[in-house]
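Labels run A, B, C and D following the written order; every chain starts at residue 1.
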């Protein structure tokens, strides 16, 4: 296990780093990430209640499985999944059999409890406020976004390795954008021996990429190098690979788009040209649910810690 | 494309680096590696004849598809696959429809032609000698073995990423053995942010691993660190992970055995303990047939070059 | 030569990338960085006039040495040194014999000329405005700050290697701060095989450091790991190593303070404890004047380019 | 301190890993390396006697300073310096005041004691045998040679950084030879962001360099790339940079020769061409005496361990 929290040096006593100690946490619904978030909290000597899970799951024996919303009562922390509700008031429970109601959970939880979820909708936030609960979004935390770049990058590498008939070693790879994902991905590609070029718009992003050891190209001039690329990883949420750019690519170039919707690829154009293009979203949960869950747990505990 | 040969600086004119220039090469049977070997030879201004391939393959248009052994006549180089014959005299042609006879090929090829194949059996060598042909084994070339360590390592990484619920980043990975594969694999794992320990027997191998930045452990003392590992990659063709060692591992430890048969894992023991253990052989052809084919082409040309 | 500009892909024709082409540049006073800035401009097909230099200097033959301010007249770009004037109106010319007057230069230069300098004082800016000239500070450019982190990091490494009786390999190094210098320095130290811990205050900085492969410690908790460190590199302009922290260090720990004044070390305390502590400022000009000069040239050309 | 031995996992109890435990070690003469070798032995719970040292030295308080050869009597291990004797029978003691006699030491030491030295001359070996003592050379140990490549590489980097007006980052560096030093040096240069090309003669060395991520060139064809190099590091003990090669270099190219005598540079030719060429020998002792001393101590203990 990765035990991200151990790296922080905060919990040298193996205990809970916060001033106002969390005693009991409820983890409610969601996919494997939530399972591993529950385990991570449990490892920190927090009593963990889990609702919305059943069957054969890699849950720690110390996590207590609940059957109803009422059992969450004593929790002073509640972690809802990334994308809380599906239909109306129903919490997404892809790993559970019974139905879980968001509002019942909210009512069961005490007012002082710290409530978090991911990608909270306006409606969900409103629902919480009507019940005089405040719920915070861990997806908005910079720390989480940075750490999530790692499983995203690994997921992208795995996909590239799977699709390519050649090694990443010695392959020319273009990374468009040098934000969180671009930066981590470029580092990993270089570590595998790929020849990495970073395309970005801003001078300071290009300076960073140059200082960290990559070839660089202003994004407006990248057409001329496209023909040499074996893979293009896009991380910019804008039309980076439009028809004109796609035409510059070799037929066997692989495109992996990591940017959130609408993404940066003219998909229709790519299909017409017979290019292999992949939209790879939500990779942390798919490629490394355990790490993604631990990142959620650590981020949430930091949010509490900073609150105080 | 990776164009390994370009890196060598030998063929700056884009031409053929050898003194006795190869004019025509025959690539006979085999899997995608042979297809890409044919392409790589073709890129070096060698006329390439391919026998034993049909249908939709990524062959260069400049490669000439042959239908019979007789058409190979003019070739001064013949490249047989890794594992030449299947039943008796029949060349393995998993990508072709018609049957190809090894002895007919040998007879069609001129005596002066340079013949190579991979993992040549005693019987195959004998068959060649009876026809007064000498056939050499490219798999015995040190250069090939070194370069093949790269697609092997990438294949192992892809498998590990696919199997693990967590990232390689921050994972504790043990690499047993520090020969070709161990050395390349350890480097890549470190590049991905894993915490790598190298276990080896010889003091100088341990010194190398230490100098190149890894934690080390003499193989006889590795039991005590096994419990911390998330993945164990074995590259030693000896019983490294016997029952005793397996018992030291965590239940969620992933085992990837890269050593040639019989490998280094007590498979029965691993199954009994419920451990996830994978025998990963012949990765270059599976994970990166293009690179593997280019490595074959380059190795063969070097063999000819050194012959002279 | 490093030809930083070539990496930008902007000047594929070897020419000048700007819309409004700079024909003639004046480089006035300063140290070796200015000499190399002159060379770098000259390599871009700009005619370069140099004032305030004499004797044996590594100036390109194509750079024209001037003897008086009046000769600068035709320039459409003027580059003043980092720290323009020494006494009153006199431009610093440590590499020249004659005296150069800032105001005479300003008068000689045409109004349309693009004027830049480094660390421009309020008085210097005022002086320029009185003559209806606008002068811009290249030191304020983010790009320059980022790129300068590289020669700074190398200078710090050289100093550490020089001072330490041991290798950086396997040494425990603490880098306080994960801004520009901290980030580049940590990367280089890891590349040399040091065991790097990053101490920072902000959660997102720690997350970045963690994602990029370092051990981390919140700065408030770093006391406990100080005892293990062989070198502490400070990059935070605040009292990071006060008396209390210094007392935690081993007697043979090396301290290198890279933060701008007042720096982050209790110098008196360090002296009393007999610790080896070094204030290392303005490293780019000292450790790598050529690279520093090329960075100035490239930054200035970008400033012009963005102006348009 | 680096505590190389801790990495070995041999001495988890902080004690002595050998079956036949060394109780007392004598460290006799030599430079700072011997001082640190004494400290390293002392850290392993071995009683250490030091002869040939005086004044202000960084010796551990637990090391016992001796004044005469007779005091060495109880030692079961004696470590002589690298280059044992200067004139006749006198042990080199650059850090000591009194004269130390090699033969008196040999006589004082018991017959069962394990005796080692570095670069033992035929005469010294004979002298030992006459007194029925066997003395072994730690410099011949592969492990020592490998580990010493690290301080050698760091010393070469420090020298290059000191001499170059530019950063190693983005500099084109040629490393000739891919043995111990070439391999470690290339790795470090890449870690600093240099563009590294490896020149070697053997195909398998080139394959290794290629697999580990460097540009490669067969040594016979390196003339054509010499003109682009900012630094050439030679590690081959043969005339690699003869007059013809030197003429291909740029005037500001830096040459660092790390090969043992006679080295690989036409020194006279280099002088005539005005090239900056440096012969850098015995770097471990100069650049990192502490690490070099720890490597000696560890190597010696391994020699004893393997003896048994």
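In the analysis below, a contact is a pair of C-beta atoms (placed from the backbone, for glycine too) under 8 Å apart; a residue touches a chain by one contact, two chains touch by 3 or more.
It should be emphasised that the depicted structure is a prediction, and the values quoted were computed from it without experimental measurement.
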| item | value |
| --- | --- |
| Fewest hops from chain B to chain D - one hop per pair of touching chains | 1 |
| Reference chain D; chain at largest CA-centroid distance | A |
| Chain A and chain D, separation of their C-alpha mean positions in angstrom | 48 |
| Averaged-CA centre spacing for the pair chain B and chain A, given as whole angstrom | 35 |
| Chain D residues counted as touching two or more neighbouring chains | 4, 7, 150, 169, 193, 211-212 |
| Footprint of chain A on chain B - complex, ascending | 1-2, 4, 7, 32, 36, 58, 150-151, 154-155, 157-158, 161-162, 164-171, 188, 190-193, 230, 252, 287-291, 294 |
| Residues of chain C that touch chain A when the two form their complex | 4, 7-10, 12, 142-143, 146-147, 149-150, 184, 187, 203-204, 206-208, 210-212, 215-218, 221, 224-225, 302, 306 |
